[in-house]
Every structure is written in C-alpha cells, then in structure tokens.
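Written out below as structure tokens is the structure these notes cover.
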C-alpha cells in the first residue's frame, strides 16, 4: 500500500485521535450503554486501519509496532482470566466487587437516570481487558495482512517483468 | 476457599491461564514455554483423575459459574437454570480422561519433535487452547457454550494444522478445507441452538431434555445436529477433510485432533441420549447411526489399503475405526425403547462402542506418533521410499507392532477387547452387521502388515545410514501409550466395570442427567 | 405474514451462502459464502428475541412497565459476531498464504491433496 494524497492524510490526522478516544469511551462505558470491550476495541482498531490506508504500510510501521501489540494482547487476555480467578473465593467468574462499596461497587439505582460509572463490579474490568485484547489483536491482523498484500504484489510484479 | 471444590473449572482454567501467559514468557525465553505447557497439562491430568474418582464414587458433579455457591443450579426459586454451568457425569469424565492423557503426551512428545523453534510459543499456546476447548465441549451443560468451545477448537486446530505451512502449500490447503468444514458445522450447530431457544426459551441441555417433545422443529434440529457433528467427527459421507488434516498436521497434533473429533462424537451421543432419549423414534435414528457407522468402516478401510503416504493411510483407518463406535452405540440406541433387548445385548454393544473410543484414542495416537517418529528421522512419509528401518529404530518398531496389533484386534491388546464386545452383541441384533465388522477388521490387519513390511522390514538402505532412535521424550510418550494398551488388553473387565459401564448407564438414564440440574424432577 | 418476513430473509441468506459454498471455486468467494451463512444465522437469533413495540433492554433508561426485547439472543448474536470476525480473519489469511505459495486462488488449480 502506498501513501495516499495529502487531503486524506490530513483528514486522518484530524480524526485519528477522536476515533481512538471514542473507542475507549465505548470500552469503559460498556456496563452502562450499548457497546463494550469488543465493539470499542473494533472502533480503536479502525483508527489503525485508517492510518494504514492513508499513510501506507511502511510509514505506519514507524508508529505501530506488532511486538508491542502482541504483548498488549496477552496482557489483556491474562487480565481477563486473572479477574475470573480472583472470584475463586466463591466461584470462578464470581462478581466479587459488585455492591461491595469499594471499586465499581455502588448499588445500581433503578429507574431512568444518567447511570453511575462506579457500579457493576468486575464487568468494567473485564470490558477493559477485552477492549485491550481486541484492539491489539485486530491491529495485528490489519498490519500482517497489509504485509502479506505487499509481498504478493511484489511477487506479481516480478513475474510480470520476467 | 477450598480448592478441591473447584476442580471442574481448574482443569480448564490452569491451561487457559498458561496459554495466555506463554506469549509473554516467550518474549523472554522461548525454550521454557514447552516445559511450562507440559507442566500445566500434567497438573490438569492429575486434577482430571481426582475429579474422575469423585464422579465415579459420589455421582455427577455440577459447577455453576459466578453464583454464590458452585452447586446452586436454580437460584431464588427459578424453574429453569439461567447461568452457564459445567455438568460432569461419568460419560463426560470418561472423555475428559482421554483428552487430558492425550494432550499431556502430545505436549511431552512435542518437546523434541518440533524443529521450527522461533514460533514455538504460539504452538504451545494453541495446543493449550485446543485442549481447553475439548474439555469444554465434554464438560459443558449448556448448548450455546458448546458452540463457543466448538469454534475455539476448530480455530486452534486449524492454526496448528497450518503450523508447518510457512513455506509449504499443502498444510495451508488442508487447513483451509478443515476451516470451511468446521465453520459450516459450527454455524449449523448455532442454528439448531437458535431453534431450541425459540421453542423452549432455555439453553441448558438438561432443561431442554426435561421439556423436549420431538415436534417437527425438534426433528429438524436433530437432523442438523447429528449430520454436522458427524461431519466434524469424520464419518463417511462427510469425511473428505479428515485424511488431509490428519496427514498434514504435525504428529502430536494429529493425535490430539483424533481426540477432538471424538469430542464431536461424544456430542452426538449426548444430544441423542441425554437430550432426546426415548422421545425420539429410536429404531429409525439408531439405524441411521448404524448405517453411518457401516459406511465409515467399509469405505475408510478400502480407501486406506491403496494409500502410499503413511499418515494418510492411518487417517483413513481413523475414519474406519470411528465406524465401530457409531455401530456399537447405534445398536444401543436402536433398542433403547425395548428394555429386554437393551438388557440382553444393547448395553453390551454400547459398552463396546464407548470402550472403543478410549482404545482408539490410545492406539491410533501411538500409531500416529510412530509415523511422526519415522518422519522425524527419515524426512519422508512415502512408504515406497522407506525400508529396513527396524535395523535402526528398535523401540519405534516395537511400539508400531503393538499399535498395529491393537488396531487389527489381535489379543491380548485393547482393540481385541472392545471389538469382541461389539461383535458378540451386534450379532444378536443383526448377524450381517457383525460379519461386516469382522471383514473390516481383517482388511485393517492386511493394510498394517503392508505398512510394517514396507517401512520396517528389508535390508539396510544406504540413504538411512545416519538414522538412529528418536529422542527420549518421544520414546517416553510412545511407551506410556503402549503400556496403557497392554494394560487395557490384559484387564478389560476392570476398565469396563469401573469406567465404561457407569459412562454407558449415565447416557441411558436420562433422569440422572436432568436430575443433577433440576433437582430430581 | 409481514412478521415472518425476517425468516424468509434468513432462508435466503443461508441458501445463498450454501449455494456459493457448493458451486463456487474461488477461495475468497468461499469466505464470502461462510459470512453470508453467519449473517443469516445472526439475523435468525435477533429475530427470535424481537417483540413488537418493545425497547432496548437497558436497565437505567427504561420507563417502568415498558416491554423490553429479550437480551439473551442479542448476547448470543454478539458472541457469534465476535467469533465470525476471528473466523473471517483466519480464512482470509489462509487464502493469502495459498496465493503466496501457488500464485492462484482457484480451487481447481490449487488442489494437491487428493485420493
């Protein structure tokens, strides 16, 4: 993939940060509004895809590193299963933080209200873990597929020249 | 916090945690990942044995996720369960023992077998995920959860089949074929789950079992489930992926794939026996399963005779042996509604079929491992290019003889025990079926005599001068399997009475299965 | 009749997917076929949970007494979508590897394993 025109690059510069912030918003509000870890992570990864398309794959590699993504992915997965392990005092996946008064431990108020971030126990933690895993995983997929496309294009060109 | 109560989930959770930690540890040191995976699977094997002792002495175990107590299946007076739960009876733990043993030995064998050292962390991570998903398929009490584990299993196994595929075309081709087949089957399972949910508003297998009516929709769902799971298990009309996937995967993975396809077979039995039981037309469905089994037996073995690639030949034999299990259990299903016939020969036929699952996992695993050992030292799978290898690889030769004798049903090996149970009980049901099964067994022997002759016998060949015995960890894995084969062959009644008979009874008695969840309804 | 319309769409989608899988020989088209089946099944699950005039099942935004659609099929669909993304990524990357090795994605020309 080659670098695209200046207009596209500037628009990407403009929206890149906003897409990522919107993605993280969806991740952390997963227990209050529609959305959650996977959806937010996919939104964040779409920012990486936009960057890949507008800047080309060689330039993108200066900003996005596959090794760091793969580390983040493992961290997200380990965090998810770790939170599940912490509930092992009662049962696996037990929501030990809900209604406890500490982190994310407020009691939910019924009826129409704005929603309290500080509720739902371990669900926000798991949303964050899944979001971390999904955006890094999809980022890896996008980057590797761009690599593969580049490789096949080179091979085709070499065959045509021959 | 009593960890002993949590064994059902720890069997899965420990390998899962290790699978997620391995990529992090692999960034620091790649060599430790193999040992770590082996340790995790060893721990899981020990816990499975502990759980098996508990299930067989106390009775079926339930584990409810995220509830205040792991035994609370019906919280606050509900009539049906709403949470995801594991429900482990004698049949589930029987399959769990196979999975735990096979994956542990596969990990041990892989320690020396793998040559591609820079991707080794992802290999072990995927192997652990595959094991976890197989455990999940066998333990789960929830249909949707079963679908999720089925998809995880297919994705992990596809990646493992393609493991050698960076510079070769064939593994990726086999993986693509397997991926298409398993996506279709998993999606169709989801469709059937949707039908059940639309009809009964529950997803728990036991809860569906207590209300199922065998209406028109239920018939459609049963047809979809049996056909797609038979496809995943490699029964004949849908067997085209099996030889490719089994022959192109690395040898330890092939051994685990055999156990994975048996997990799908287990799902067929679970759905037919525990969910529908005598509400369905047992004779018709039983004959469908018997005919699937006969086709698998016969076409599998006839295709195997003409193969020249050693792993492809063994893969066709795997299809053929799957037929025996379907035959035995199919006969049991056909007479399920007839208590006299069931007592006379039905239970024995099912014991034969279920016992054959374990025997097949052991001897077919051993044979695939010996094929892997030959490939490891000679670098070829073509039988025409091998010869005289008994001079160089003494242990592998002995292990191959044991495996081949067991698959052909020669006494005193375990294949004989389960095949005899099938022959004598199926003969009472329909003599023709028994005769076909014996003919297939003879053809199996013929085909393995050919393999033994062309690979091991003959003069020393100059191109194999450098060949020597395989490393110690590979010999260890093969030796353990051989010991189990001989032990099962010498004391079959011990295993049948203590392990197989409870498994068969837990399948036949539907009330026992639903009662553990719904409290003796 | 109009209420059953989504089910006809489900049958159409799954039928198209199975047709593609049976008669097309291009690997990318096979991936598209699998995606079509998956979308049909997702539509089927969502339709099962639908109630006329009901609102989205969000606890803090529901007027009391108002009917909600059933959230379980939506959770099932979401899981299925997540799995579908992984499946598509895996199938497409394998198609890329096959193209890299053989230089074609037509099934007839790729096929080395037979018999």
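Order of writing sets the chain letters: A, B and C. Residues in each chain are counted from 1.
Just so we're on the same page, a contact is a pair of C-beta atoms (placed from the backbone, for glycine too) under 8 Å apart; a residue touches a chain by one contact, two chains touch by 3 or more.
Just so it is clear, the model here is predicted, and its values are computed rather than measured.
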Q: Tell me which of A-B and B-C has more C-beta pairs in contact.
A: B-C
(Q) With centres defined by CA atoms only, which chain is the most remote from chain C? (A) B
Q.
Need the CA-centroid distance for the pair chain A / chain C, whole Å please.
A. 22
Q.
Just the number, please: Cα centre separation of chain A and chain B in whole Å.
A. 36
(Q) Distance between chain B and chain C based on Cα centroids, please, to the nearest Å. (A) 28
Q) So which bits of chain C are touching at least two other chains? A) 97
Q. Quick one: in the complex, what on chain A touches chain C?
A. 32-34, 38, 42, 108-115, 138, 141, 144-145, 148-149, 151-152, 155, 159
Q | Partner chain B, residues of chain A touching it in the complex | A | 67, 70-71, 73-75, 77-78, 81-82, 84-85, 87-95
Q. Which positions of chain B touch chain A when the two form their complex?
A. 1, 3, 6, 9, 13, 16-17, 20-21, 23-24, 27, 63-70
Q) So in the complex, which bits of chain C are touching chain B? A) 14, 21, 27, 30, 34, 37-38, 41, 44-45, 48, 72-73, 76, 79-80, 83, 86-87, 90-91, 94-95, 97-98, 101-102, 110-113, 115
Q: Would you pull the chain B residues touching chain C in the complex into a rising list?
A: 144, 148, 151, 155, 158-159, 162, 165, 167-170, 172-177, 179-180, 183-184, 186-187, 190-191, 193-194, 197-198, 203, 243-244, 247-248, 306-307
